Every structure is written in structure tokens, then in C-alpha cells.
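Below, subunit A partners subunit B and then partners subunit C, in two separate complexes.
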Partner chain A sequence: MMQIWGQVFQPGLFTYPFLIHAWVSASAIAIISAVIGFFVNLRGESFVAHALPRGAFAGAAAAFLVGASSLLGLSVFAVAMALGMGTMRRQGEKGVSTALILVMALALGDLFLTVGNAYAPEVFALLFGQLLGVSSAEMIAITILSAVLLLVVGAVFRPLLLSSTVPEFAAARGVPLTVMNITFTVLVALAASLTVPVVGALLAFSLMIGPAAAGWYLAKSPGRAMAYAVAVALSSVWISIVIGYDTSLPVGFLVATFCLIAYGGARWIHFSRSRRAPAPSQRPQS
Partner chain B sequence: MSVEPAIAMDQVDVVLSGHTILRALDFSIARGAFVGVIGPNGAGKTTLIRLILGLIHPSSGTIRVLGMPVGKGRRRIGYVPQSFAADPDLPLRAKDLVGLGLDGERWGFALPSRSRQQRIQEMLDRVGASAYANEPVGTLSGGERQRLLIAQALLTNPDILLLDEPLSNLDIRSGREIIELVDEIARERQVTVLFVAHDMNPLLAVMNEVLYLAQGRAVVGSVDDVVQPEVLSRLYGQPVDVLRVHGRILVIASDSVVPFTHFEGVAHGQPSSPSPHL
Partner chain C sequence: MHGLQYIVAAGFFQSPEVQVALMVGSAVAVTSAVVGTFVVIRGQSFLGHALGDVGSTGAAGAALIGIQAIWGFLSGGLIAGVAVDVLSRRPRERDVATGVVLSSMLGLSALFIYLITQLSSSTGVTQEILFGSIFTVAPRLVWPLSVLSVLALMLIGFLYRPLLLSSVSVDAAQSRGVPVRLVSLLFLLAMITAVEQSALVVGALLSTALLIGPAATAIRFTRQLGYTLLLATVFALADTWVGILLAYNSFTWPPAGRGWPVSFFIVAIMVFLYLVSQIIPRSPSRRADKGGDSQ
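Our next item is the complex of A and B:
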């Protein structure tokens, strides 16, 4: 028994500095991604959540080119994209401006990487993340920024929830819908730029969508849905770090896989529950 | 001290992107009145509601709501939208949605408290929605959703209730139930009601005034005074007939009855009838 234990939790898992950085930053981004993911789901904005981390990678490439911090490059680029999407967007054409901005960002990323003569390992790290390569300065930045984002979500929680469910009513109560729209997109952008260095531009999306969607199926109220989402996200990244350290499998792959498994499981639980419960139409109608 | 009218419009024009949507609105609505806002599609009903809510501003003229300029005292106006979109899995229970009416526009999140829960529960009871208080809103019928929206709008004890075509997604029976509910609540709370509808007939028993909109112009008064051929013909700018059949009222474009005028309309390539509602 002790041997299995020793095999799973190998020496250094909780003591090596690079692993401590990994635990802390992965937990921070898991929490913030799950919470913001709830609103992504609520507003049906998966495409925006998909486009922002991907496009933000050009920001990291630009930072690499000029020798700035990649977190800064990611944030600046992602926020610029978010503002572009928030303002360009007209009713009924959600997808088009988002897609065009994504294409533009990816094209710039290509340009920056070529001009900067980036080597394959750096590009690879940007696309797939390097959880075990998070520096202590990056860990501190990621943790503080996640805490700030969490506070902002807490502050706009009610108006964001109201404007996402009954927008006309929210407007009648004086909630500025455009401002809420831009606030939401910028929140997604900043959360994405924290996630990209850890799980990579290509897989950051999975951490934002998977756990939130699992929580969606498990809970009946917004608070519970977020709590489940956070639990799923934290367990996914924690299990991924342990397995990744034991087996050297890529952490991004593991995170994406566990998020998907959790989503599938939640969906299964949801539908087996609703098969047992009476259908809504059997309730006495009013 | 005289009580300020619920809504007072003084020569209000609304121009949106170069088009005059509402012109020369000049009327006042007394406190406690039940007003049916009636008119064909495109007459400016929704614009009128948005004007009262302060979401758009008049290009000229003044408007006062409860004696204040528009945009102030938003919590004293209860707004009931047509419906809301929600997928069946949305993790939001009926009582969560209604609770947002209490303080959904405020910063932060609501801490659960007994008095808060009690206020929400009382309102759910009042609109007859307690049976599905814990159900996800996406599984509810149109009539059930409408009750929740009414409860949501009433939680701030508003003095005015604006309902934007609440009947448009409902079958006849649920529609009648919603009208009765609004009427009862309006009486017991002395709320001024503006009830927007395409057809005035379901409201004849409960409304004491009609605000008839057509071509961006409005006439306000009792049904007997307003729904007359001369008044409505002037409003539409075209001859209109009013038929009263078995206590129901039909407003019909005259040219759809007189063949000659009708032919003229067709000859010009577009029917000139002021959209009769039958």
C-alpha cells in the first residue's frame, strides 16, 4: 500500500520550488477560469472564450520579440482584442467580428514569431503551456491577478447575471448593457492571459468551458453551479500535476482530458436524474 | 396637495436615426389608471415604453414620470418584458430569477437572509408561482414565465407597472389569467398599469383608459371616446371603421370594405390599408 502511495506521490512533488509554483498558479487559474466560465456559458459566448486565448498568443510572441514579460504581452493583446470585439459587435452578427479579430491576431502572431526568429521550443511552450516552467515571479503575478479578477467578478456579479438572463429588465433598471458586455469580454481576456502560460493558448479554452459546463449540469442555482465548476477545475489540474509529474505526459493534455471527462460525467448524471424526475409537462400547469 | 400624474407628456417628439417614431405626444395618465396601450405593429408602442423608462430621450418636448424627469426613480417603475430565453438546463431557479428583481442591478452579490427569502416567497405566492419556485426557469411554460416576470417587477413595490406585450406568447386561457392577475394586483397595490397589447378586446373588461397609437401619434381616453371612426380615422390619417360585435370591437380599414378605394391601393403597387387588426 505504502509503495503505491509512494509511486503516485513521488518525492519532490510538494517540495521542489518549480512544483510549488505549478500547484499555486494552476489552482489560481482553475478557480478564476471556472468562475468566469459560468458567465461564458450563461451568455452563450463560447466562441469568444475560444478566440481570446488563441489570439492572445500573438501578444506573447510580441513580448518575446521585444523582450518583455509574456504575461504583460498576453494581457495587453487579449484586452485589445476584447475591446475590439465589444465595440465592433453589432446585434445579430456575434460571430463575424470575433472571427475576424481572431484571424488578425493569429496572423500577427505568425509575423512576430518569424521576425523574432523564435525557436520551436518557445513556440511550443506558447501553444501548449509549460506548467512545470512557471517562475516564482510569474506565480506571484498570476495569483495576484486571479485574486483581483475574482474580486471584480464579485463586484459585478448581480448586474452581470441580470443582464445575461433578462437584458430588457436589466436595462429598465439602469444597467448599461454595452458596459456589461465589454466588462465581460475583458474579464474573459484577462483570465485567458493568465491561463495561456500554464496550459497553453490551444488548451486554455478547455479549462474555461469544461468545468463550468459540468457545474451547469450538476447544479440548479448559479452559486452552486460555480462551486461545482471550481471543484471540477481544481481536481482536474491537481490530478493532472500529479500524473504529469509521475509519467511526463503533457499537463495541457491531461487538463483537457480530465475537464472533458468531468463534463461527460456531469452530463450523464444530469440526464439520468431528469429521466427519473417527472417531466415538466406533467406538473399541473398554471 | 394635488398628486402628480403617473405619466405626463408635453409635446414629445422622438426621432431615431432620422425617422420620426413618435410625434406630438401630449397626454397625462392619472395615478391608479389601468391603461391599454393599443396599436398596430410599428406604431411605436415599444418606443413609448422605452421613452417612459428613460432608455431613449425625446428630441423635443418634456416628459415627467411620477413628477420626476425620466431616468430617476427607476425602482418605482416595474417593467415586465415580453418573455426571456432560457435553455432547460440553465441553473437558475424561478426564485433566483424573481430575487433578481429585488436588487439585481446593484453591485456585489446578495447574501442570503431570511427577510430576503420571505419577500421573494411572498411575491411568488402572490402571483401563484410557489408550486414551481424551485424549478429551473428553462423548464417553465410561457404563462409561468410571465408570472415570474411580473413578480420580479413588483418586488420593489413600484408605482407604475409597464407590461410590454405580455400576451404575445400565451394561449388564450393563460392570457386571460395574466390579465386577471395584473388587474387584481393593480387594485390592491394602487399601481398604475400600462399594458401593451396588439388587440384591445381581452383588456376591455379591465382597462379604464386606452392609449391608442398609430402612425406615431397617440390618443388617450376612455374606450368609448377614443375607439370611434372619426377619432381613429384622424389618427391613422385614413378612413377607418369601428365595428362593435357581441361586446367585441373590430377596427377595420375602410378601403378594405369599399372596393373602389381598395383597387386604387392595389394600382399604386402597395396596399394603403392601415393594418386592420381582426
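Our next item is the complex of A and C:
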């Protein structure tokens, strides 16, 4: 028994500084991603959650070229894209502006990388993240920024929830919908700029989609759905760190896999529940 | 003729790479514009983009086991398309299902690329899979790709009326006896074919751009589907040609004399056209229900 224990939790897993940094920053990122992902899911805006981290990667490439901090480049680019998405949106064509802003950002990234001749390992690191390469200063920054973001979400929680579920009612109550659109995209952008350097541009959005989707299938009220989402996200990253440390498989792949498993499991539970008791468990209509 | 040499750098029309790029680019542009018009009307931009991305997962898998990239692209697209369709039992679930499928496929991509870099020390595969380049298309791929283009276009032609009806209003289509489910499955097939072949030749990035940009721009100018299709095709072709020309010319540009990526030019022109189309007043009597079915 002890041997298996020792195989799974190999020496240093909880003591090496770089692993402690990984545990702390991954947990902070999991929580903030799940909370923002709750709104992504509610609004049916997975494309935004995919496009922002992916496009912000282009900003990081640009920052790398001019020698600035890549976290700064990421945030500036992500927020600029988010403002564009929030304002360019049209009724019934929301995917269009998201797609066009995404390809524009990627094309700029392609240009910067080609012209600047940034060598491939740098790109690779940005695409797939460096969970085990987080420094202690970065860990502190990520934790503080996540906490600040959580406070912001708490401050706009009611109007954002209202405008996401019943927009007409929210508008009648005096909630400005365009402002809420922009608030939402900017929140996703800020979460993305925290997540990308750690888990990578390709998979930053796994953490926003999978856990929140699982949460909705498991719970019937928004509060519970969000709690489930956070639990799923946390356990996914924790298991991924353990297995990633044991096997050196890419963490992005592991996180995506466990999010998928959680999503599948939640759907299965939802399915068997609704077969046993065919009560209409409606998700809030957006 | 003397003025032309200032616009077209020497050797443009003689270069075999340019000839292949022009041919393949035109085929991709036409197919993407036509399929993309329906993608935009049906509000499926996210799926259209996701299919391009998952194709590169297939390509990475194909590189790993040593088969041709085109089979990787096609099977990646088919797997993802079927998965999204199965997972979205209700229309509301479609967005999340697409997101979950895309994120799992990207996770697989991370695994495949990790395995590739473990097996060989080359890292160039990452950027190539992400961005692709129209100038590096192997001439022997021109024929199979053209066949895929024609197949997608024929499928759209075959579906034209019922597809239009069920894209604008599912209820109206059902009341006229259109098999909505079958039509949407066949359209998914056309979409997969079109997106995967364009993702293979021009990369996932340009594939999305050519699918969404020209169609979204054309829709602003006219309310008739026939004209929209025509206009989208014209935009896509002109954009691709000018983009290729500028990329060819840019080999002498600063800072490095290495040439700017063709994707940058094509996307920049397209976004410019789209922004212009947003500024001009839309045609007044456009049907209110046309753009109304999101997701």
C-alpha cells in the first residue's frame, strides 16, 4: 500500500519550491477560471473563451519581440480584443465579430513571429504553458490578481447574472446590456491573461468550459453550479499536477482530459437522474 | 505594362510556388465563401472555426503515425463534427458541446505534439500546424484538394433550397416537409470537407478567416442569397489574390527581407472590408429574421 502511495506521490511533490508555486498558482487559476466559466456557459459564449486566450498569445509574441514582459503583452492584447468583441457585437452575429477579431490577432501574431524570427521553443512555451516554471514572484502576482478578479466578479455578480439569464428583464430594471457585454468579455480577457502563461494558449479555455458545463448538469441552482464548477476545476488541476509530475506528460493535455471526464460524468449523472425522475430540470434560458 | 512592374514584383507569374498558391488559394476562397455564407446565416461561426482547429489535431496524429496529413485533417473534422452533433441534443447545448469537443481535441494536440518532439527534435511542426503556408503546398496535392472543393460545392448546390429554408427558419422548413435534421447533417459534412481542405492548405487561421470574413461582409450589402454568395466569392477571390501578391512583393520589405506572412495580408484586407461594410448603411428592407437565429 505504502509503495503505491509512494509511486503516485513521488518525493518532492509537496516540498520542491517550483511545485509549491505550481500548486498555488494552478489552484488560483482553477478557481477564477471556473467562476468566469460559469458566466461563459450561461451566456453561451464558449467562442469568446476560446478566442481570447488564443489571440492574446499573439500579444505575448509581440511583447517578446519588443522585449516587454509577456504578461503585460498578453493583458493588453486580451483586453483590446475584449473591448472590440464587446462593442462590435451585433444581434445574431456574435460569432462573426469574435471570429474576425481572433483571426486578426492570430495574423498579427504570425507576422510578429515571422518578422521577428522568434525561435520555436518560445512559441511552444506560450502555446502549452509552463506550469512547473512559475517563479515565486509570478505565483504571488497570479494569486493577488485572481483574488482581485474574484472581488470584481462579486461586485458585478447580480447585474451580470440578470443580464445573462433574462436580458429583457435586466434591461427593464435599468441594467445597461452593452456595458454588461463589455464587462463580461473584459473579465474573460483578464482571466485569460492570468491563465495563458501557466497552462498555455491552447488549453486556457478547457478550464473555463469543462468544469462550468459539468456544474450545470449536476446542480439546479446557479450558486451550486458555480460551487461544483470550482470543485471540478480544482480537482482536475490537482490530479493533473500529480500525474504530470509522475509521467512528464503535458499538463494541458491532462487538464483537458480530466475536464472532459468530469463533463461526461456529469452528463451521465444528469441523464440517469432525469430518467429515474422525469422532472423538468431546466437550465436557466439565456 | 510599364506601370505594372511597380505593383507586381519581377517573376510573380513565372514562379511555380505562386502558380500553385494562386490555384489552390482560388479553390479554397470560392468554397469557403459559399459554405461560409450558410455558416454565418446559421450562426455556426464557432463550429466552423473549431473544425479547422481540430483538423490540426488530426494532422499531428497523422504525423505521429506517419500517414498523409490530409487523412488526419479529414478524420479529425469528422470525429469532432459527429461528437458535437451527438452531444448537442438540445440547441442550447450546442455552444458548450463545441467548446468541450474543441478543448479535448486541443488537449490531444498537446499530447501528439509532445510525443512528436520527444521522438524527433524538430519543433518547426508547431508553427506550421498553427499557421500553415499557402506557398508550401505540394503541387501533387492540388488535385485531391480540388476534388474536395468540388464535392463540397456540389453538396451545397444539391441542398440549396432546403438548406436556405431551414437556415432562415426551422419551423417554416419543417412545416413544408423539409427533413431539417438530414439537411443539417449533410451541411455539416459539406462544412467539414470545406474547412478541412482549406485548413490543410492555408492553415487553421486563414481557413476561419476565409470562411467567415467574406460572407459576413457580403451579407451587409444585399439581402438576396444569390447575390450574397456571388459577392462573398468575389471578395474572397480578390482578397486572396491581392494577399498573395503583397506577400510575394514583401520579400524585399524591411525589416529582414524574409517576406511577411500571406495570412497577415489576407486577414488585414478582409477585416478592413468588413469594417467598411459595417459603416455603410445596410440595405433598408432586409428581412428581420435573417440574422436572428444565433446558435
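In the analysis below, the second predicted complex is superposed on the first by the 278 of 286 C-alpha atoms of A that agree within 3 Å, B and C clash if a C-alpha of one lies under 4 Å from a C-alpha of the other, contacts with A are read in each partner's own complex, and residues count from 1 in each chain.
Going forward, contacts are C-beta pairs under 8 Å (C-beta built on N, C-alpha and C of every residue); 3 or more make two chains touch, one makes a residue touch a chain.
Every value quoted in this text rests on a predicted model; they were computed, and no experiment measured them.
> Quick check on the superposition: with subunit A as the shared anchor, is it clash or fit for subunit B versus subunit C?
Fit: subunit B and subunit C sit side by side once superposed on subunit A.
> If you stack the two complexes on chain A, which partner ends up touching A:L202: first (subunit B), second (subunit C), both, or neither?
A:L202: touches subunit C, not subunit B.
> Considering only the touch criterion stated at the top, classify A:L132 as touching first (subunit B), second (subunit C), both, or neither.
neither
> Once chain A of both complexes is superposed, is A:V175 in touch with subunit B (first), subunit C (second), both, or neither?
first
> Of the partners subunit B and subunit C, which touch A:A49 in the superposed model: first, second, both, neither?
A:A49 sits against subunit C, while subunit B stays out of touch.
> Taking the superposition as given, does A:G252 touch the first partner, subunit B, the second, subunit C, both, or neither?
Once the two structures are laid over each other on A, A:G252 reaches subunit C alone.
> Determine how wide the angle is at the CA centre of subunit A between the CA centres of subunit C and subunit B, giving a multiple of 10 degrees.
80
> Subunit B or subunit C: which reaches more residues on subunit A?
Here the partner covering more residues of subunit A is C.
> Please work out whether A:S221 is in contact with subunit B alone, subunit C alone, both, or neither, and reply first, second, both or neither.
In the superposed model, A:S221 contacts subunit B only, not subunit C.
> Nearest CA pair across subunit B and subunit C in the overlay: distance in Å?
Least C-alpha distance after superposition: 6 Å.
> Which subunit A residues contact subunit B in one complex and subunit C in the other?
Touching subunit B and subunit C on subunit A: residues 283, 285-286.
> For the complex, give me every residue of subunit A touching subunit C.
Against subunit C, the touching part of subunit A is residues 41, 44-47, 49-50, 88, 90-96, 98-100, 102-104, 106-108, 110-111, 113-115, 117, 120-121, 123-124, 127-128, 200, 202-203, 205-206, 209-210, 213, 249-250, 252-257, 259-260, 263, 267, 283, 285-286.
> Can you name the residues of subunit C that touch subunit A in the complex?
Interface residues on the subunit C side: 40, 43-46, 48-50, 87, 92, 95-96, 98-100, 102-104, 106-111, 113-114, 117, 123-124, 126-127, 130-131, 205-206, 208-209, 211-213, 216, 255-256, 258-261, 263-264, 266-268, 270-271, 274, 278, 291-295.
> So in the complex, which bits of subunit B are touching subunit A?
Contact set of subunit B toward subunit A: 53, 55, 71, 74-75, 77, 79-82, 84, 86, 88-93, 96-97, 100-101, 103-110, 128-129, 131-132, 134-136, 139-141, 143-144, 147, 149, 152-153, 162, 164, 174, 177.
> Which of the residues in subunit A end up touching subunit B in this complex?
Its residues touching subunit B are 42, 154-159, 161-162, 165-166, 168-175, 215-217, 219-222, 224-225, 270, 280, 283-286.
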